[in-house]
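Please go over the structures that come below.
The same subunit A turns up in both complexes below, where it pairs with subunit B and then with subunit C.
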Partner chain A sequence: MDILGIVLSFAGAALAAGLAGIGSSIGVSIVGQVAAGLITEEPGKFGQTLILQALPGTQGIYGLLVAFLVIFKIGAIGTLKAVTPGQGMAILLACLPVALVGLFSAIAQGQAAAASIGLIARRPEELGKGIIYPAFVETYAVLALIASILLLQGVTL
Partner chain B sequence: MAVAEMLKVRLVIHKSAVSEVISTLQNSGLMEVERLAGDNIESETHEHLDMLPLPDNINILTRLVSEMNYIVDFLSPYAVRREGLLDRLSPSRLPISRKQFEAVAHNYRRYEHIYDDLFVMENRMIEIRNEKARLEHDIEELEPWRELDIPLGDAASTGRAMLLMASMDEKRLPDLIAELKKHREPFHIEKISAFAGRLYFLFVAISTDTEALTIIHKYDPVLWDFPPGTPPASIRLDQLREELNHLEQEMSEIEKQAVVIAADIDTYKAACDYLRLELERYTVLEKVAGTESVTVIDGWARARDADELNRRVHTVTPLAEVTFRNPLPGEDVPVSLVNSRLTRPFEIITRLYSLPSFRELDPTSSLAIFFFIFFGMALGDAGYGTVMALLSLAGLRFLRLSDSGRNFLQLLLICAVSTIIYGAYSKAWFGNLIFPDYDFVGGFITVMIVSLALGVVHLIYAIMVELYDNARHGDRAAAILDQGSWLLFIAGTLLFSLSRALSLPAAVGVAGNYLFAFGALASIYSMGRMQKNIPARLAVGLGTFYMSVTGFLGDVLSYLRLLALGLATGGIAVVVNQIARLFRDIPYVGLLLMILIMAVGHIMNMAINIFGAFIHSTRLQFVEFFGKFYEGGGREFRPFAAGTKYIEIIDKEGAG
Partner chain C sequence: MNPESSSVWDSIKRMYNDIRYAYATGRIRSLQKDLVDETTIRRMLEAPDEEAAFAVIMETSYAAYATGAGVSDYERMLESGLIEAYRLVRSISPDGALTDILLRRYDLHNVRIIIKAEHIGTDYKHLIVPMGRIDPDTIAAAWHVSREKREERSESSHISPLTSQILLPRWLERLLYRAALMIDNSGDLYLVDLMLDKAWFRALKVWSKKNSHYLYAWLIVRIDAVNIMGMLRLRASGWSRERWREIFIEGGRVSRGKLESLYDLAPEQAAAGLLNTAYRREIEEGLEDYRKHGELSYMEALFEARLLEVLQAERYITFGSQPLLAYLLRKEAEVRALRMVMIGKLNGLPHDIIHKRLRAFLCR
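Now for the complex of A and B:
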């Protein structure tokens, strides 16, 4: 069995879950730090800040999803399938959209959500709008997820 | 799809009946009172009207209300909680009869002395807290010197010897000693204790030896100095501990007292509400105007409540006249939404964006159907839908909810139904828990096409609403040229591409071609029509047309999030099951572990994805749908009503 194909696939899955996860953790942390500052003044807004903090968390989930798709595809749970180096490379490349866009968009979304914390500090009734601004950023993570999944579908083992 | 009809109300009341009428308005909650002052007093019709002088007791009432609020806030932590978990989730308002309510309120003189008592108590509690903090700090400082058995006040330099009480980093002591030895003058270091990496010691040297002092200062010591007469540390510590004990006892005495007073908290809550209602009745007077004998109250009411308002006012007094008129253009009319039972919960989404202005369409019923479909697709697991439905049903059944809370749970319930339908169709029940052949990526291409198609439908619908809105306001040209030609273009594009994709008769494709070309030309013409000369028209028309086409494509692609969210739910759910099943074969605890992992995994996945489905379904409404036609910015209709915070009057007042 050609181990290189498997190794490349593993690299793809690891990057998807890893980079997107890093992005989400940084994004969530950015919002959390700002939110904690607001809560010292107004503890009653905890629920609202929690919603905003959760927003940049989805990229990590998209990355994890793609990682699992790869794991299922190559049979990493159960019996490994034969993966040629070419197929492995294709799988690795297919993982890149969600990995890279996940990494950067989660951080950017965290910054947008942190700004929204500032918004609800002054005007708590505008939470809806405060959610929409960061949700715009997520569009590109969604598109990257679609691209990754489409590309993965294109690799037949 | 409606914004309620509103009427401008004017009450003209003889001054003897003003307080009855205001009470009636408060109890009926049908009318919003508008400030009748400044610009609102139109000079020619109201030249005799003046602002009325406010009664003196408004200041007294304001003070009483803030005192009662203070009493309730102060006592709340000390009140005995009789409530169970359910009550804590949805705190109930205390049911009370009108008679009790008024009886309670008439005792308010008694509450003033309670306010004074509590005020003294709170001040003493703050003092005690500060004093305790100081004592605790002192104890912490003294603790390292406990083993030093001389009176601390005596540990001072004498004429021939210098004595320092100091602490420093324990690790640097050997260096210090080495350096002092090199200096070759007599010295002595008496170690007392070591605490958290710091060494506490006495340092003795000859009083003229300034060099030793310089050396020791290089090691960042903290120097200690106690006032003369301070007893040995162990004795002083005992004294401080005793003081601390006393303070703690006093604190618990005060708290016991507070608990005793708090036994009557319900009375204070009722009094607080009563006084607040009374204060609100007085503050209405800030908004009215009048002459010596007549008072005028202006405001708004829903058209359908007009008769009821009229009747209620006339039941309490014959000395009042109620007139209604339609709103005038340019008037700031408050907005109240009217929707059917099924679409009312979706008002939450509309409100989240902004209420429609009075002359705008209420988008609630349009967005309801799409929100319903979008949410179902985005969550897409019948198992999760069922859990959601059961939870929201339980909430509706058992919790005491405000109107908005009730609406929210109803919205969740409706969305849960959608989720169950979609999930059942795609065989998703907690991922592949029930149907092992559920394949979450299997229908990928189909779902993608459905998502995009839904997007196209949603966007076309938005353009049609915009067309209708323009036509309704008499802007026929905009309706036909802007939205009409654009619709033709989209229809042509669709016909053309569908005829290719589904191999329909050639005629359909040809018709599509013509529509496409005609629509495009008409759009380019209409988009440039504001420009004066022909080249500018062409340039602006083409530019705008290009932006519109790419914008439309971008909007359609945005609906792919429905696919992505559905995949994420399904994918993670399948993974949870897969991982949980790995544990099944562990002897004895395997089954338990499997169930535990499944429960935790599915709960987390469900929570995250309900949240995601909600946000993204909302986003599709706000950005892709509202962006086409909706402005919002309406002001909510807030009738003057008896809004109580703590109590609920159970015997509803009859007519007036």
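Now for the complex of A and C:
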């Protein structure tokens, strides 16, 4: 069995889950801090801020999903399949869209959601608009997820 | 934060620095709603007397500091509101220097009061503003030591006699030392006054240039406003050009040379000479009012409005030190406006005169 192909596949899965997870944790943390400041003064807005805080968390889930797909594809749970270095590299590259876009879009979405908290601090009735703005950032994370899934489908073991 | 930085690494550092302010920004966004708005100021203006105007204050966040003493309580309430705002911002800000640099103005005010009180042999305590970071008694003790050690000072002019005797920040130690030297050499308290005024501007400039482009932009306008209004007012009061040079503050956009070239002109012509600066709107409108009423207070109010306008840039900041700075500076402007209305009402000033001086808060 060629170990390099397996190592490259593991690296892809680790990057997908790791980088997207880092992005989400930063994004969620940013929104959480701004929300905590607002809640100190207005505890009644907890529910509204919670929705916004959850938004940047999805990239981490997308990363984990792609990591699972890689794990199942190479049989990491159970019997490992034979993966050539070329296939391993293809799996690694397939993981990059969700890893990189997940990292940066989660931080950007966190910033957009934090700005929306500033909006609901002044105009709580505008929560809907406040959710829509950061939700648009999600589009690009979803596109990257689709790209990663399609690329992974293209690798035949 | 640093306007000079532009590399990717600097941008990342800047972002992480700003993230430290996330909690404080969220809290300030909520507190901003409690700032007194135009409607409140208008209601106070339209109040028939000081009692009715005070009743409007009692509907604002300042009511929390009322002791039940009535109208006479307003000054203490406003001061308490401002102290509380600074205390709160300092407690939530990741960088204490941000509030300390603004509060230094009050420390310098207290230094001025202590020096003057000692000079004329009176008590300073009732004139102290309880907002500085340094205990006024410590300043007074340090000033005493400084004065007593006159001989030491003159023998070794580069060493402050305060060192190792009273724990003071270096900047204050240096200022007291310089003030003592000035009084020894000239006995002119006015020079000490000037030095203390300029010290705050200088400190703010150095700090903001390094740490906050936002505050720096505000400071530039503030320096220009002080210089332009100073030039117009002092010229109108018959001050000599040399005397005016002493009060000029370096660092604004309008140069000393520009103002000096206009100094010998009548206020109206001098103001017209400033129309090609960044303050065209303020000068133009202020000049129009000056032509009608012969006073510059409206132009001053327009500059105050411009300063508040500069602060509005924080609206587009998701998190960072800017909302905190804007909150404090707006709070200060708000206290000034409320005080102005109350003083106007207590002294029976006509509605339109108070209205004009509140241009910063009123759209029309």
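The rule is simple: the second predicted complex is superposed on the first by the 157 of 157 C-alpha atoms of A that agree within 3 Å, B and C clash if a C-alpha of one lies under 4 Å from a C-alpha of the other, contacts with A are read in each partner's own complex, and residues count from 1 in each chain.
Convention: a contact is a pair of C-beta atoms (placed from the backbone, for glycine too) under 8 Å apart; a residue touches a chain by one contact, two chains touch by 3 or more.
Owing to the predicted nature of the structure, the values given are computational and were not obtained by experimental measurement.
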| item | value |
| --- | --- |
| When subunit B and subunit C are modelled together on subunit A, clash or fit | fit |
| First (subunit B), second (subunit C), both or neither touched by A:Thr58 | first |
| First, second, both or neither for A:Leu145, with subunit B first and subunit C second | first |
| Touched partner set for A:Tyr133, first subunit B, second subunit C, both or neither | neither |
| Centroid geometry (CA): angle subunit B/subunit A/subunit C, rounded to a multiple of 10 degrees | 60 |
| Subunit C versus subunit B, contacts on subunit A by residue | B |
| Partner chain(s) touched by A:Gln153 [first = subunit B, second = subunit C, both, neither] | first |
| Touched partner set for A:Ala121, first subunit B, second subunit C, both or neither | second |
| Partner chain in contact with A:Leu69 - subunit B first, subunit C second, else both or neither | first |
| Contacts of A:Ile77 with subunit B and subunit C, given as first, second, both or neither | first |
| Which of subunit B and subunit C A:Leu38 touches, first, second, both or neither | second |
| Three-chain overlay, closest Cα atoms of subunit B and subunit C, distance in Å | 8 |
| Where subunit A meets both subunit C and subunit B, residue numbers | none |
| Residue numbers on subunit A that touch subunit C, as the complex places them | 29-30, 33-42, 111-112, 114-115, 117-118, 121-122 |
| Subunit B to subunit A touching residues, read off their complex | 351-353, 441, 444, 448, 557-558, 560-561, 563-565, 567-568, 571-572, 574-575, 578, 582, 608, 611-612, 615-616, 618-619, 622-623 |
| Interfacial residue positions of subunit C with respect to subunit A in the complex | 19, 22-33, 92, 318-319 |
| Subunit A to subunit B touching residues, read off their complex | 51, 54-55, 57-58, 61-62, 64-65, 68-69, 77, 127-129, 131-132, 135-136, 138-139, 142-143, 145-146, 149, 153 |
